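You will see chain A twice below: alongside chain B first, and alongside chain C after that.
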Partner chain A sequence: MPDSSSPPSIRRRLRQGRDRLATVLVTAGGIGVIAALLAIGVFLVVEVVPLFWPTGATETISPQALWLSLEAAGDPARYRWDPTATLGTDEAARVSLVPLAWGTLEAAAWALLIAVPLALGAAAHSALFMAPRLRSRLKPTLELMEALPGVVIGFVAGLVLAPWVERHLADVLAMLVLLVPGLLLAGGLWSRLPPRLQQAMPLGWAGLWLLPWLLLLLVAAHALSPWLEAWAFGGDLRHWLEVRLGLDIAVRNAMIVGMAMGFAVMPSVYALAEDALSGVPRSLAEGAQALGATRWQTLWRVVLPAASPGIFSAVMIGAGRAVGETMIVLMASGNAALMTWNPLDGLRSLAATIAIELPEAGPGGQHYRLLLLAALLLFAFTFLVNTLAELVRTRLRLRYRRLGGGP
Partner chain B sequence: MSAILRRCLAPWLLLAMLGAPQALAQQVAGTLGAVGSDTMAGLMLRWGEALTRQHPGIRLQLQTSGSASAPPALVAGTTRLGPMSRPMNEAERRAFIERHGYPPREVAVARDALVVVVHRHNPLESLGERELDAIFSDSRRCGAREGINRWRQLGLDEPEGRIRLHGRNAASGTQALFRRVALCGGHFRPEVNEHPGSAAVVAAVAEDPRAIGYAGLNHLTPGVKALARRDAEGTRHFPDPRAVRRGDYALSRDLYLYLNLPPGESLPAAERAFLDLVLSPAGQAIVEELGFVALPETRRLRQRQGLALDDAGR
Partner chain C sequence: MRPVSGSRARLPRGEGPGAWLAAGSVALSLLALLALLSLLAVRGLGHFWPAPVALVVLEDGRQLAGERVREVPLPEGTGRERLYRTGNRDLDGARWAWVPVSAITAVSHPRDLVVLERRRWGEAIGRLTALESVTGERLEGEAAWAALEGRLVELAALRRARDTLRDEVILPRVRALEAGGDVDRELAIANARLRELQAAMEGGRLILATADGGQLTVPLEEVLRARRPNAMSPPDKLATWGEGVWRFLSEGPRAANTAGGVWPAIFGTVLMVMLMSVLVTPFGVLAAIYLNEVAHQGRLTRLVRIAVRNLAGVPSIVYGVFGLGVFVYGIGGTLDEWFFDATLPSPTFGTGGLLWASLTLALLTLPVVIVATEEGLARIPDQQREGALALGATRLEMLTRVVLPMATPAMLTGVILAVARAAGEVAPLMLVGVAKLAPQVPVDGDFPFLHLDRKFMHLGYHIFDAAFHGGDVQSAMPLVYATALLLVLVILVLNLTAIFLRHHLSTRHGALTRR
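Here is the complex of A and B:
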């Protein structure tokens, strides 16, 4: 072989080798992730099995104890999570996972109820209507919110927000009553403004010029709340709720958890939904408007369906985070294992229970295995939600593929 | 010694140091590991600091994730020192004996008490044993006829409404003691808010006039008021240090150090120095300073004797 041809061939072989190495590394990474996931599942299952299968090491419990009601046994509470109870010989174990699962879902539901409308509304506005200069400032700010640690949010919610809301319940109610109609009113007024004023306050900058209006509404709510309380609730809202509706108010309750966790979930839902919406080709929206569709019709009938796969996965990722979130629920919920529909009652989630009790449960004991069962439940639940999300997303993407929107 | 003397501002500590056995002057070095109770974390930390001042060569390495973490660490041999806020239970003791062939050495090092606290503006001063059980449990094993869930049922006009309950999490030594003594072993109401620490309980009660909770004595703050406990004869027992030391106040307990010490062997030098400090007047002064209660003098001396701390010839 002539001497001059060897350097290119060495280089080619080197490149092939590098390619192969990269392929191996990527494959190994992919397999490693799947293996790690499987290993977690297998570990949890192996640790949980002695709860139901007598191995001699741990006392077994009957699976029914985990979800059946205690009412038949004459217990005043139907479901109890009390894994360290001192039991009499004829007593059933009090380790029902039902109130914990309930608390997890309730907290996630409130969080999504608060986060999803706000996040999707913000995403639609910033993707379609907002002035580019404002958007380029706002988006990074909202994404920075995502970096706030759950502990900080939970701390503020549990120790600052919760006592404040409890003391100013009427204020909060007045804000809720005033805010939605107030904002709709702003929209109505704007469309009736003379064109010159409309140009001074363009739609793209609504995010800024609505702020004073928002502030005004909050001040109005604060000023009106004593009147509202006196007129509708006999002067004391808390008393009225207790006597008329039989609702107790816990300082740390599901509403507070919903607000705090909604705040935590919102940025990620917003970021993903915004990406999906701005990924819809501009020609689609422009075409719809050229054919005479209003802004609302364009958004609702054209852009939203085209972006629906991305929006759906945004909401599902929010749901996944809300179910697994630990510190916010731990610090803002009070951890009372209750099962009520009352949003002003406390709750207790699976993740918070694991976080609080696992360090003090002796490894290998019944309590320890019960907590790992709770972890397995949580694992299975998030796994299910994510799989479902992926399936729905794929189907939506197939359906709207022609429109070319969404990731 | 002069460096230590300069740092000791309080005269009692000074006296205590002068009274300490002269054997202390001997240099000991090494790292001392301890795994266990979070209630005792502050206490262990301060003892460790004092130890390093006496013997600059020794360092205490602390891991405090709960009393339940001490027995497994002692069994596995990863630590020889396990602080616990409750005595070891039968299963934990059995596991230790199975592994090592001898029982763990239990040393009581301080006394602690649980206090029932309400908001500082709450007019309540004391609670009967049955009342307390009727408030916190729905099993009422102490003999109350009906449950109490409103302040009115305690004869108070203010605060109105339901009683909001706060306590510690399951598996904590604090909750176990409260359940055993105050609930007569019964079941907590599901409404009890479970906090991961006594400080959180006190903070929650301090901000809410309708709240009641139980917490470790050393976590009391000016925001809350500790309630006296009325026994069956109506005598009030206030959780003051004297009552806790004598055991008149029922919601009290010992805090322990568990040692892995084969019978017949004497303590290794570092551990000996640590226990010598803990069971010295200076060590017990630290206990009081942190809001716990020092051991009664006779018990302190008996513990010292049991560990042969004062024997000159080792």
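Here is the complex of A and C:
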């Protein structure tokens, strides 16, 4: 030990002391922050337990009441979410979470049905065909689309799109019918074009120059829809659906939710799927093309199988987002706790139910704990789905590294 | 771009139908995005443009005056009908009129039609027949219009003076009085001045002949603005438009959020987001430093890292539930018992408020900041750290002098992304403290100046509330569009900043990571 009174030594000790203090503080702070984050799950579990475990504070309910059918009790609707209806009476509250879970999954399913094909198509196009310059612009554009707040999308879906679709149901149907043949027609026409024009409008920029073509298809669909209605549906599609198929039609329905939430979910699925596709080592794709495969064949036979775990995890992340999205469902769905397969009827999701009912439910009561149970379900579902996706992605990264050529 | 010869060599083979469907999905997504943004832009900004007022003569001789809103086909397919905004709700109880197009015999745009914006009852549309000035003088024709315009300028000045007096002199004195201060005399003087201003605003009225032959008498102090849209030149209209946009940004809401501006909501959103970033930045950076620089890089750390990443995907409403249960009911309720015992049946911190909302959103955006900062830290090559340590720096010095400055753009990106996410989140706020209408903004001249326990207004919630809970959704719609546009613009700007920063980051440190 050198002379402890010499200034350099004191300074060194001071520095080391400060260093140790800082390390302790960073460790404590870091662990504290992470513990606070992870406390969410713990809190939900602790608050939900009294619902099933008699503690004296709240009356418990049997787990069966949450998911078993009420058929035996002679209730026409077999499952019912109606936790406040019995406040004055001594009847047992009907607290089946089944219709809410149904609504959540139905909305998510419709959203994925719209988002996944769009996102995967877009990802395939931008990973394999798109001009690099357009691609470097498209990615941030879709990132901006991902950042659009749910409340804006929900407002447009619930108050603009829903009434429009209600009036123009046949237009929507005609557009759906025309979309795929229209795009194929565009491809067919393009291959007949003189080479000079083809070079002016290369496939790499098709994402942009197909926009006017799509608008043209929209106009065509609008023009064709009365004809389609008259030919196939006896003049009035709405009437036909209601009378012939016996469907209830609500203005704000599952299809609107699907469209809006598909729009919201699509960019995140796209981003992950594009990462997975473009992360496939170039040597694989180049090898396939050198053997004479077209780029589409390369995609289908080589790139897609190699990237399939990444695609899977992209879809999982999309599902997690769709299940938890609150404002879009709240504003675009009508919030009626129904259980039907009918895409034109309303639904009510777990997240929307929490947002509507929790401010009114007194803390500690049965209703409050039921809503916390709903939150716990959402938490557990999204956490599991995301963990699965993350594990799959880690695997995938290892696989790419093994296949060589990866970064 | 590919070389021309290459693309030509591939042309004859074609790519098959799948390639076109894939290209179509890019185009379709872009089309949906463009449609959404242009809808918001056109409707949101178009609302402030002074629309021409049509005088419509119907088959049965009735007349009506109003702004044409839209035209839709009749349900039976027998024709079309038009929606006019006719105002004059105090006369006939309706503000809108649907007119079948076939029943219209003539449409004209007379230059003398006047649109009044009033404090109550919304708009009034008609012809100015006479004006009784404050002195009781009766004016007609152009003289009446000139006198009206002059008087409105005076009234606006008086209103401003009154509001300033109330906010800056009287309200603080009243609070001081409640706190036991001796300000009676000052208050009496201010109140007398207020009464003076009030009296100066009274008097005078105008008489409006409506299109259907009725007569409307409006006291002048009720009129906020008057214009003759059909007589305006384009520069005048542009000026009116700019003024309308400015008022939308700077005024408070009127008429149950269906009219007026969104200033309190802008203020609330910005304040909440600022508080949130003050909370989230240090903690997020701290956690990231711990995870990346201090913690032993073992299995547990990897698991924690995955868990933190996954928390970014947990629905925001779950964070709202956590905020309500822990912050509001748990911590807030306890604080109330300890410190605000006197007011207890009515909660102080035991209800939603600014502080709890900021804390909840900070928790919600914590994973975003942690992940972004960690990415930035991981990009810094180990040589930099080792070099610093080899030169004798302690770990703290290595972190603060070498590592953190290099990771600053990543941290900023994380914080900006967090802000952008927080600005758009509404669902958790509905549980922890947003208000439909907050009369007092959370900042004022009263100690402690920043009131963390108050509820606040938020742009996103304003959209939800005005669009779904208002009585007259039809008349709230233009403002909802404008609010939505504003929110989207704010978020787009924040995100563009983040993208720019990230680009900057990758070009600056790209060379370092390539080893």
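In the analysis below, the second predicted complex is superposed on the first by the 338 of 407 C-alpha atoms of A that agree within 3 Å, B and C clash if a C-alpha of one lies under 4 Å from a C-alpha of the other, contacts with A are read in each partner's own complex, and residues count from 1 in each chain.
We take it that a residue touches a chain if its C-beta (ideal position, glycine included) is under 8 Å from a C-beta of that chain, and two chains touch if they have at least 3 such contacts.
For clarity, every value in this text was computed on a predicted model and none was experimentally measured.
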{"item": "Partners on chain A (chain B, chain C) - clash or fit", "value": "clash"}
{"item": "First (chain B), second (chain C), both or neither touched by A:R80", "value": "first"}
{"item": "First (chain B), second (chain C), both or neither touched by A:G346", "value": "first"}
{"item": "Chain B versus chain C as contact partner of A:F129, first or second or both or neither", "value": "second"}
{"item": "Dominant toucher of chain A (residue count), chain B or chain C", "value": "C"}
{"item": "First, second, both or neither for A:P202, with chain B first and chain C second", "value": "second"}
{"item": "Contacts of A:L241 with chain B and chain C, given as first, second, both or neither", "value": "neither"}
{"item": "Touched partner set for A:V177, first chain B, second chain C, both or neither", "value": "neither"}
{"item": "Which of chain B and chain C A:L228 touches, first, second, both or neither", "value": "neither"}
{"item": "Which of chain B and chain C A:P359 touches, first, second, both or neither", "value": "both"}
{"item": "Touched partner set for A:L159, first chain B, second chain C, both or neither", "value": "both"}
{"item": "Clash-bearing segment of chain C, relative to chain B, as chosen among 344-352, 416-424 or 506-514", "value": "344-352"}
{"item": "Doubly contacted residues of chain A, that is, touched by chain B and again by chain C", "value": "159, 330, 359, 363"}
{"item": "Chain B residues within the chain A interface of the complex", "value": "65-69, 71-72, 91-92, 138, 160-162, 164, 169-172, 175-176, 179-180, 185, 187-196, 203-204, 207-208, 211"}
{"item": "Chain A residues within the chain C interface of the complex", "value": "15-16, 18-19, 22-23, 26-27, 29-31, 33-34, 36-40, 43-44, 47, 117-122, 124-126, 129-133, 138, 140-145, 147-156, 158-160, 167, 179-180, 183-184, 186-187, 190-191, 195, 198-199, 202-204, 206-208, 210-211, 213-215, 263, 266-267, 270, 294-297, 299-300, 317, 320-321, 323-327, 330-331, 351, 354-355, 358-359, 363, 371-372, 375, 378-379, 382-383, 385-387, 390-391"}
{"item": "In the complex with chain B, residue positions of chain A that touch it", "value": "76-77, 79-86, 94, 99, 159, 163, 166, 238-239, 242, 248, 250-252, 330, 334-338, 346, 348, 356-357, 359-363, 365, 367"}
{"item": "Residues on chain C engaged by chain A in the complex (per definition of touch)", "value": "1-2, 4, 7-8, 10-11, 13-34, 36, 39-40, 72-73, 283-284, 286-287, 289-291, 293-295, 304, 306-311, 313-322, 324-326, 329, 363, 366-367, 370, 394-397, 399, 420-421, 423-427, 430-431, 460-461, 463-464, 467-468, 473, 477, 480, 484, 487-488, 491-492, 495-496, 499"}
